[in-house]
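Several structures are given next for inspection.
In the two complexes that follow, chain A is the common piece, with chain B as its partner first and chain C second.
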Partner chain A sequence: MPLERLIDQSRARILIERMVQDSRLPHALLFWGPAGSGKSVAAIELARWLNCREGLAGPCGQCNSCIQFKSLEHPHFSYILPLPGKALVNSEEGELTEAGASELSNIFARKAEEPYGSAVYPGGQYILIGQIRALLQWASKRSFEDLPRVALIDRADRLREEAGNALLKLLEEPPPNFILVLTAQSQEDILPTLRSRCQAVEFDRLRTESVERFLTRHGQQETDARRLSRLCGGDLSRGLNFASQPQVADEFHELAINIVRHSLGRNPIEFDALLEQWNHLGLADQLIVLEITATWLRDAAVLQALGPQAVKRLMHLDRLELLEKFVVNCPEADFAAAVAKVDEACQHLEGNALAPLTLLVLSRELYRAVYHRKPV
Partner chain B sequence: MSFLVTARKWRPQTFEQVVGQEGAARTLQNALRAGRIAHAFIFAGPRGVGKTTTARLLAKAINCIKGPTPEPCNQCVSCQEIAEGRSLDVLEIDGASNRGVGEIRNLRENIRFNPVGSRKRIYIIDEVHMLTIEAFNALLKTLEEPPEHAIFIFATTEMNRVPATILSRCQRFDFRRLTAPEIAGQLRHIADHEGLKADDEALGLLARRADGAMRDGQSLLDQMATFAPEGITAEQVRTALGIVPEDLYFRASDLVFGRDMAVVFEIVDEIDTRGHSPREFLRGLCDHFINFLKARDAKSAAFIEAPLDVAKRYQEVARKLELNDLLRVLAILQEAFTDIRRHPNPRLKLELTLLRLASLEHTEQIEELLANLRGENPQPSRGFQGNQTPPRSGIKPKPAAESTPKPLEPESKTTAATAPTPRPAVAISTATWDLDYIRQYWHQIVDQVCEGRGVLACQLKLGRPERLEEGFIVTSFGSDLHDLQLERLQKVAVSGGFDQGLQTAFGSPVRLRFERHAAFSPQETTASTQEADPLDQEVMRRLGARPIG
Partner chain C sequence: MKFKVSQEPLLQGVSKVSGVVPSRTPLTFLYNIHAVLSGNELKLTASDGDVFLITTVAVEGLEDGSVLVPARPLQDLLRELPTTELSLETSPEQHLVVNTSKGQFVIPGEEPSKFPPAPAERPPQQLSFSADDLKSILDQTTFAVSHDELRPALTGLLMQFRSGEMRAVATDGHRLVKLVKTGFQTSVTAEAEVEVIVPLKTLSLLTRHLSGDDVAKVDVYLASNRVVFDTEKLIITSKVVEGRFPAYDAVIPKDNPQLLKADVERLSSAVKRVSIFANQINRLVVMQLNPGSMKILAEDPDSGRRGQEEIEATFDGEPFEIGYNAAYLLEALRHVPCQEMEMMLGSPTAAGILKPAKPREGEDLIMLLMPIRLH
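Now for the complex of A and B:
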C-alpha cells in the first residue's frame, strides 16, 4: 500500500495517491496542518514510493532504494529542517560542521525508525540561506538515475526571509524530475510568494482514538494510552514524547492544573513553589504546559455551559472530580476569557518575555477572569 | 512522470494572453512600436499576476528577429531560446539567492560585453527587493548609464523595499490584483483546452479562493483536476477545499442570536467530522456576519455574494438585528480569526470563540434605554431573541459560593422606608431606577462600579448625581475634590474604566460624566439623607465626631 506508515488523513492520502497514479504530481507541494499530524511522514513516504523500482502499487520494501530509505540516507532525498547557525561552517553557505553533521544523522536515524517522532535539531530556530543554497546546488546537478528527487523542507514557516526568497525560483521552475515538499502548520505562516507556487494539501488533526490506538500498538498500557492521547491533543509527536517519559507527562499535567489552582488561591508559599517548578522548564515545555492549562480551562467552560452532559466532551476526564469542584466553586467565572489570557501568555513567551513575569501576570489575569475583581 | 503544472504550461507567450494587466501591456507595446524602449524597468505587484511573464515577453519582443516588435513572433531562434531559458543574451537572475555585492560586481564586469547574437543584452532580476543595500548601491551607476546594448528588468513583490535611488532610475509598472471573473475566465479557457469538464460555479469558487492571483487559481485547478478527473463540480470544489455549506453558518449565527451554549459543541463537532478547518470556518463566519450587515440596507444588500434565496434569508434575519450587536460580533470574530492562525489547538479556539459569542449580552440603544428610564417605553427592545440573560452556568452553584459580589444588592434595607422599595435584582431593572434611586444608593453603586479601587471610590462618593442625560449619569463635585483629582476621574471615565462596573451594576451601558458644582457641598447629602454607612453613624454618635469631607 502506498503511504502505508501514514495514519488517518484520508483526504490528503487520496489526493496524493491520485496525483502519483494519474501522473499529475506537481513539482511543489505544501503539506499543511497541525503539529504531529503526519506531514513529514507523508512526504517521506511519498519520496520512498516515487523512488521504488517496483511500480505504482506502493513501495516494495525490498529493492535497493527502499532499503536506503530505511535510514533516510538516499541519494534522491534531501531533508531540510531548522538548524542553529553553529551547525554550519558559515551560515551563508551550506557546509555542515562535523558536530552538526553527526547530530543531523542521529536525528535522521531516529526519524527513520519512528517517522512520527519529531525531528528537531536542538536550538534550531530557522532554516538558513546556506541550507537553501546547498539545496539549489544539489538541484542543479544531474540526477543519478532517472528517478525523481525529493526535497523535504520541514517547517517551512521557519524559513528565514532571505532563505525563503532564495527558494522562489527553484520552487517555480525546478529541473525535471525534482519535487519539493514544504510543510507548515498553516498556509498563512509562509511567504505568500512561496505559497502561491505550491499545491496545498491539508492535513487534519489526528483523532484522539487514532493516537490512542497507535500508542497502544507501541506498547503502552490501554489506560495510559487513553490518558496520554487526550493530553497531547492529537499531536502524535508529543504523544510519543509523553509516552517515552510518562513521569514528565504527569508532572506537566499537574503543573498545568496547579497554575490555575494557585492563581486563584493566591497562597504565596504555594505560588512560590509553583514558580520555582516553572522556572526549571525550558521554553518549549512551558508552552506545552500552558497549552494543557488552556485545555483545562476549556473543559471548565464546557462543564459550565453544558452541565453533566458535557462529560463525554471533556479532555481531562481523569480529573473530573477536581474539575467539577472547580466549576461549582466559581459560578461567575468567565472561562473563555481565562483561556484567552493563557493564549496571550503563550504569545508573550514566544516573543521572549521573561518566563516568571509572564506566569505572574497570567496568574493575576486568571484571578480577574474567574472572580471579576482585582487580585489582592 | 514529468507533469508540467498549469501555471507553467499556460504561461502567456504573447502580450495579448496576459490577463488583467492591459495598462502595463499597452504601454510596453506602444513603447516597442515607437522604438522608445527605456533601459531599466521595474515591475511591481502581488504574487502570481504576471510580472516575470511580462518581463520575459518584453525580452522576447526586444530581441525578436523581427523586432523590436509589439508582439514577439515566438517562431524565431531568439524567441525560442528565451522561452526555453537558454538564451545567452537574456540573463534571468534570482535576486534572492544572488543578493550580495559580490554578485552585482560580477554583473557589472560582464555587462560590458556585447550581446552574442541578439540586439540587446537583457538582465531580468527577479525578487529584486532581496538585494542587500550594498548590492543596490553598487548597481546605481550601471543602472543610470548602462552600455548601449544593456537593458534591466526588475520584478518584485515588495516595491517599498527597493531604494528610491533605484526606483527613480527605472520605468515603473504596477501590476494589479486580478478580479475573480478574470481568473474564472482564464480557468475556463484552460479547462476547455485541456479537455477538463468543469461547471461555471466551480470555477467561480476556485477564482474567488485564488484571491487575486492567477497562479493560485491555476494551482487550484490542477488540484481539482486530480481530485475529480471525471469533471469538476461546485460540490466537489466545496469538499476538496473544505468550503463550509451556508446552512452551517446560519446555524452558527442562530446560536449566537439565540444564545444557545449546547449547540456550540454540536456545531464544532460537525465541523470536525466533516473535515472543515476551524480557521476556514471562522473566515466564512466573518463573511456571514458581514452579509447580515449588508442585508440591513436595501442598497448594500445587492453586494451580498450569494444566491438570491440565501440573500433573502439574510435580509429576513437582519431585520431583527441591532447594528451594534453585529459590530461587536464581528470585532470578536476578527480577533479570533487572527489569533487562531498561531493557535496550537484551533478547534479549542473555535469552541471558545463561539461560546463567547453565544454568551454576549445584547446591547441596548441608549435612546431606548433612556426612554425606558423615564418609563416611557416599557416594552422590551427588539434585538437578540430572549432578552433575558439565561443562567450562565449549567451547574447550579452551591449556596456556599455566594461570596462573589452580587451586583448592587442594597445592604441597607433598614434605611429610609419612604423610598420606593428597591428591587434587589441581579441588575437594576429599567423601570424602577431614576435619579432619586441612584442618589439614595449612590455609595453602594460606587462601591460596585469601582470594584475595589478604593481611592477612586472615595473620590466618587464625594460627588452627587445631578441628572440623567443621554445615557450619562452627570455627577457634580464641590470644592472638596481637587481639580487634579477631578481630572483623573474624568480620564478614567473617558477611557472606559468604569464601564464594566456600570454594566454590572445597571445591566446596561451607562456612563459617568463629571462637572463642577461650586455651590455644592457634599456634607449636605450625608446630613440630609441618612444613607451614611451605619458603622460611620455609630462612630459619629459615640465619639461625637463629624465628617470633614
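Now for the complex of A and C:
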C-alpha cells in the first residue's frame, strides 16, 4: 500500500496518491499541519514509493531501494532539518563537522526506526545557507537511474532568509525528476516567495484514538496510552517522547497546571519555586509545557461553555476533578483570552525573549484574563 | 569470501579507491569499501554518492563472496603491516578477518546490499586519449570552472564531442576556456554529437590518479547521465551536472583585430609585481598598449599606492588601454603551455582572447578574459 506507515490523514493521502498515479506530482510540495501529524512520514513514504523499482501500487519493501530506505540512507533522498552553526565546518558551506555528521546519522537512524519520532538536532534553530548550498550541489547532479530524487526540508519555517532565497533558485528552475517537500505547521510560516511555488497539502491533527492505538501497539498499557495520547494533543512525536519518559510527561503536566494555579494564587514563595523549575527547562521543553497549559485552558473553556456533557471532549480527563473546581471557582474567566496569551508567550520564547520574564508577564496576563483585573 | 594476497597490491588497491570516501557524512554506508571476490579477482568499489571508483586486485581466490568494510581502518592497518602474505576472510557476522603470520585483525563490516551499485553498463560512446593528452586538457581548462552553486551548469567542465573533435569548455562568467582536441581514437561517428558536464570533483580525482599512477591510456565513455573514465588501473564512474551549458560560441568575439604578442614569463612576473599595488577588491591592472611596448599599471586610490612596469611586447593596433583582474590574468598566463602568448583585442570593453603562440599538437586553446571597465 502506498504511504503505508502514515496514520489517518485520509485527505492528504488521497491527494498525494492521486498526484502520483495520475503522473501529476508537482516539483515542490508544502506539507503543512500540526506538529507530529505525519508530514515528514508522508514525505519519506512518498520518496520510498517513487523510488521502488517494483512499486506502482506502493513500495514493495523487498528491492534494494526499499531496503536502503529502511535506514533512510538512500542516494535519492536528502533530509534537511534545522542545525546549529557548530554542526557545519562553516555555516556558509554545507560541509559537516565530524560531530555534526555523527549526530545527524544517529538522528536519521532513530527516524528510520520510528518515522513518527521527532528528528531534532540539539540546539538546531535554523536551516542555514550552507545546507541549502549543499542541497543545490546534490540536486545539480543527474541521477544514474531514471528515478526521482526527493529532498525533504523539515520545519521549512526555520529557513533563514538568505537560505530561502537560495532555495528559490531550485524552485524556479527545478532539475528534471526532482521533488522538493517542505514541511511547516502553518502555510503562513513559509516565505511567500517559496509558498507560492509549492502545491500545499494540508495535514490534520491526529485523532486521540489513533495516537492511543499507536501507543498501545508500541507496548504502552491501555490506561497509560489513553492518558499520554490526550496529553500530547494529537502530536504523535511528543506522545512517543512521553511514552519513553513517562516521569517527564507527568512533570510537564504538573508544571503546566501549576503555571495557571500559581499565576492566579499569587503566592510569591510558590511562584518562585515554579520559576526555578521553569528556568531549568530548555526552550523546546518550555514550549511543550506552555502548549500543555494552553490545552488545560482550552479544556476549561469547553467545560465552561458546554458543562458536563463536554467531558468526553476533554484532553485532561485524568484531572477532571481539579478542572471542574477551577471552572467553578472562576465563573467570569475569559479562557479564550487566556489561551491567546499562552500562544503569545510561546511566540515570545521562540523570538528569543528571556524565559523567566516571559513567564512573569504570562502570569500577570492569565490573572487579568481570569479575574478581569490587574494582579496586586 | 576467502582469499590470499600480498600486503602491497592490496594496499595500492584500497588507497586508489579510498580517495573518494567522504570524511564526514551522515550516510554511513559511504564510509565503506565494497569488496567482491570472483575467482582470482578482487573488485574494490568506493563512492561519495556521486562518483564511484572501482579497481581490481589480483589475488589467490579461495571462496567467492562480498563484504562492505570501513575504508579507514582497513587502509590504516594495511599501511602499518610489513610486506607480507595476508589471508583475508569474512565471518558469518560480516566481519572481515585479516590474518598475518603473527597476527589477526577483525574489522566489523556491514551487509553488502546497503552499498548502492555503480551502473554496470558502459555507455557506447567511447573516446580514447593518451594519459598525457587528457591531463593536458584538464590542466589547461579546469581552473576556469565556476564554484557558484546557483549556476550549477557552470560547476563542471563541458566535454562535447562534435564534428569529430572533442571540445572541453569551462567558464565562471568572468573567463572562459575552450580547448578543441583532435587526433584521438573514437568509436563515435563524426556526425554524432554527445556532450556532458563533468563535475569538478570527478576531474580532480582523475587528475590525481593520472599524476600519481603510471597510466598510459584513458578510455572515456559518455552518456547523458554519466561519464566513465577507464584507465585500466581504475574506473571512475561519475554523475554529470544537470542543466544546459551556455552557448559559449556566441560570447567568443569573432573580430578582435589587434594582436599583442608577449613573453609569458616576463608578462606574468611584471603583472605579479604591479598587482601588489592594485586595489585589493577588484585587483585591477591596466595594460597600456603601444606598438613595440606594453606598460602594466596599477593604483590603489585608498592607500595612495601605485606601480608600473614596462615590458617588451609587439602590438599591431592603435594605442589603447584595457584593464583586467590581475588574478584572472595571472591564472590564464599560468596555463599557457608555451613561452609566448598572443592576445587578440577589440575594444577596452570587449573580451580579450588569449592563446598560446605555439599550441600543443592536436590542441586549439583559447582563453577568453572579460575586461574591467576603466574610469
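Everything that follows uses one rule, which is that the second predicted complex is superposed on the first by the 375 of 376 C-alpha atoms of A that agree within 3 Å, B and C clash if a C-alpha of one lies under 4 Å from a C-alpha of the other, contacts with A are read in each partner's own complex, and residues count from 1 in each chain.
Operating definition for what follows: contacts are C-beta pairs under 8 Å (C-beta built on N, C-alpha and C of every residue); 3 or more make two chains touch, one makes a residue touch a chain.
The model shown is predicted, which means the values in this text are computed figures rather than measured ones.
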{"item": "Which of chain B and chain C A:A101 touches, first, second, both or neither", "value": "second"}
{"item": "Touched partner set for A:Q199, first chain B, second chain C, both or neither", "value": "first"}
{"item": "Contacts of A:S71 with chain B and chain C, given as first, second, both or neither", "value": "second"}
{"item": "Which of chain B and chain C A:Q62 touches, first, second, both or neither", "value": "neither"}
{"item": "First, second, both or neither for A:S143, with chain B first and chain C second", "value": "second"}
{"item": "Touching partner for A:K169 - first (chain B), second (chain C), both, neither", "value": "both"}
{"item": "First, second, both or neither for A:R373, with chain B first and chain C second", "value": "first"}
{"item": "Which partner reaches more residues of chain A (counting touched residues only), chain B or chain C", "value": "B"}
{"item": "Touching partner for A:D22 - first (chain B), second (chain C), both, neither", "value": "first"}
{"item": "Partner chain in contact with A:A305 - chain B first, chain C second, else both or neither", "value": "first"}
{"item": "On chain A, positions contacted by chain B and by chain C", "value": "133, 136, 166, 169, 176"}
{"item": "Chain B residues touching chain A - in the complex, by the definition given at the top", "value": "1-3, 5, 7-8, 46-48, 52, 85, 94-97, 99, 126-127, 130, 157, 213, 215-216, 219, 222-223, 225-227, 229, 240, 242, 261-262, 264-265, 275, 277, 279, 339, 341-349, 351-353, 355-356, 359, 392-395, 397-398, 401, 404-405, 451-453, 504"}
{"item": "Chain A-touching residues of chain C, taken from the complex the two chains share", "value": "23-29, 49-50, 113-114, 116-119, 149-150, 152-153, 155, 199, 224-226, 239-243"}
{"item": "Residues on chain A engaged by chain C in the complex (per definition of touch)", "value": "64, 67-68, 71, 73, 75, 95-98, 100-101, 104-105, 107-108, 133, 136-137, 139-146, 166, 169, 175-176"}
{"item": "Residues of chain A defined as touching chain B within the complex", "value": "11, 14-15, 18-19, 22-28, 34-35, 129, 132-133, 136, 148, 161-162, 164-169, 172-173, 176-177, 186, 188-189, 192-193, 195-200, 202, 204-205, 233, 287, 291, 294-295, 298, 301-310, 313, 324, 327-332, 336-337, 339-340, 343, 346-347, 371-374, 376"}
